[in-house]
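Here's a structure for you.
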Amino acid sequence: MPVIQCDIREGWSDEQKAALADGITSVVSKVGNVPVERIHVVIREGRGLHFMFGGEHVAEYEPPGDG
Amino acid sequence: MPVIQCDIREGWSDEQKAALADGITSVVSKVGNVPVERIHVVIREGRGLHFMFGGEHVAEYEPPGDG
Amino acid sequence: MPVIQCDIREGWSDEQKAALADGITSVVSKVGNVPVERIHVVIREGRGLHFMFGGEHVAEYEPPGDG
Amino acid sequence: MPVIQCDIREGWSDEQKAALADGITSVVSKVGNVPVERIHVVIREGRGLHFMFGGEHVAEYEPPGDG
Amino acid sequence: MPVIQCDIREGWSDEQKAALADGITSVVSKVGNVPVERIHVVIREGRGLHFMFGGEHVAEYEPPGDG
Amino acid sequence: MPVIQCDIREGWSDEQKAALADGITSVVSKVGNVPVERIHVVIREGRGLHFMFGGEHVAEYEPPGDG
């Protein structure tokens, strides 16, 4: 029944989000001896402006260019 | 002063969201003898990919088709 | 997969907490057509001082006296 | 290491969001004698419908008109 | 209707907690032009072990000695 | 700047909590290419009664007996 919430800056690919939830589920299950069936992970994302860390706003995500 | 937060997968209609907040407010008020005026409900929604449950990602919302 | 979090002031009885989680689970299931098996409710409690509402701290819980 | 989360209705300008995070960081640092480097602020925003307060949904944000 | 949640390490005095909630309410009200009546602040506290920051656990709170 | 919150039922040892925060920090850092210095993990714990999952309350933690 552990519930894990992740607030991240936007820009993670779908593969990264899937790996994040997978990895966290695995850690919780192994460390806490909790069946995977009982673990809930929620991911939320937001703009860089929505995160302040150490008194500075996080930079906005810049999609990789192709130039 | 209870604060209730709901993280749901996107796809609920406005009517469903309104009913969710109404229903939760009512439960909290009745069970806890708390005046409705002091109850706060926050709803957040996200893609299916943003929810992992039992080790599997929740399916993405598919709007009902009309075909 | 909905996750519902409730922050309440301490003082609710076990019966009230059980009814709170039951009632919220029921509302979420009915309104959102979500199987009960996929609903997670977390309750957290704290002192009145830990809640500020409308600019005023919530009164501390006073257990009922027997005098 | 304090973590502060803010759920607000959409409609705040970037300047307001920046001032919100700045102001909260400053309050936490001064009141708790915590170095700014250790303070994390997360802002999340949502539609008015996603907030119920006192049994009523919060009005949707209306961008200022120019008529 | 803004809801602000603060997770802090235990050890803040009641006066500090009151000042934290007061200060945050004031910032939210002024920056967002929100009536104080509609602002909710929740404080939660935990052991140092319950906070990991920068890969290191936060030290446990040590009450001031009198030696 | 990712912030990860974990709500777990009480009963985890200090070693398990440390391993939980370490493991999550590692997953977030590797998957998201985020420096460890910018990752925040918060753990909260509560009684079994404070968790409802699948319509049933989680059992209360029973410390291991020595009989």
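Chains here go by letter, A, B, C, D, E and F, matching the order in which they are written, and residues are numbered from 1 within each.
Following the convention adopted for this analysis, contacts are C-beta pairs under 8 Å (C-beta built on N, C-alpha and C of every residue); 3 or more make two chains touch, one makes a residue touch a chain.
A quick note: this is a predicted structure, and the numbers were derived from the prediction, not measured.
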Give me the fewest steps it takes to get from subunit A to subunit E if each step has to go to a chain it touches.
-> 2
For subunit B and subunit E, the touch-path distance in steps comes out at 1
What's the call on subunit B versus subunit D, same or different interface residues, using the half cut on shared numbers?
-> different
Averaged over CA atoms, how far is the centre of subunit A from the centre of subunit B? Could you give it in whole Å?
-> 20
Distance from the CA centroid of subunit D to that of subunit E, rounded to the nearest Å?
-> 15
Touching two or more other chains - residues of subunit B | 1, 3, 5, 7, 24, 38, 40, 42, 44, 51, 53
Every touching chain pair, please?
-> A-B, A-C, A-D, A-F, B-C, B-D, B-E, C-E, C-F, D-E, D-F, E-F
Given the complex with subunit E, which residues does subunit D contribute to the contact?
-> 1-9, 12, 16, 19-20, 23-24, 27-28, 30-32, 38, 51, 53, 58
Enumerate the contact residues on subunit A facing subunit B in the complex.
-> 5, 14, 17-18, 21-22, 24-25, 36-45
Considering the complex alone, what residue numbers of subunit B touch subunit A?
-> 7, 44, 46, 49-55, 57
Listed in rising order, subunit C residues that touch subunit A in their complex are 1, 3, 5, 40, 42
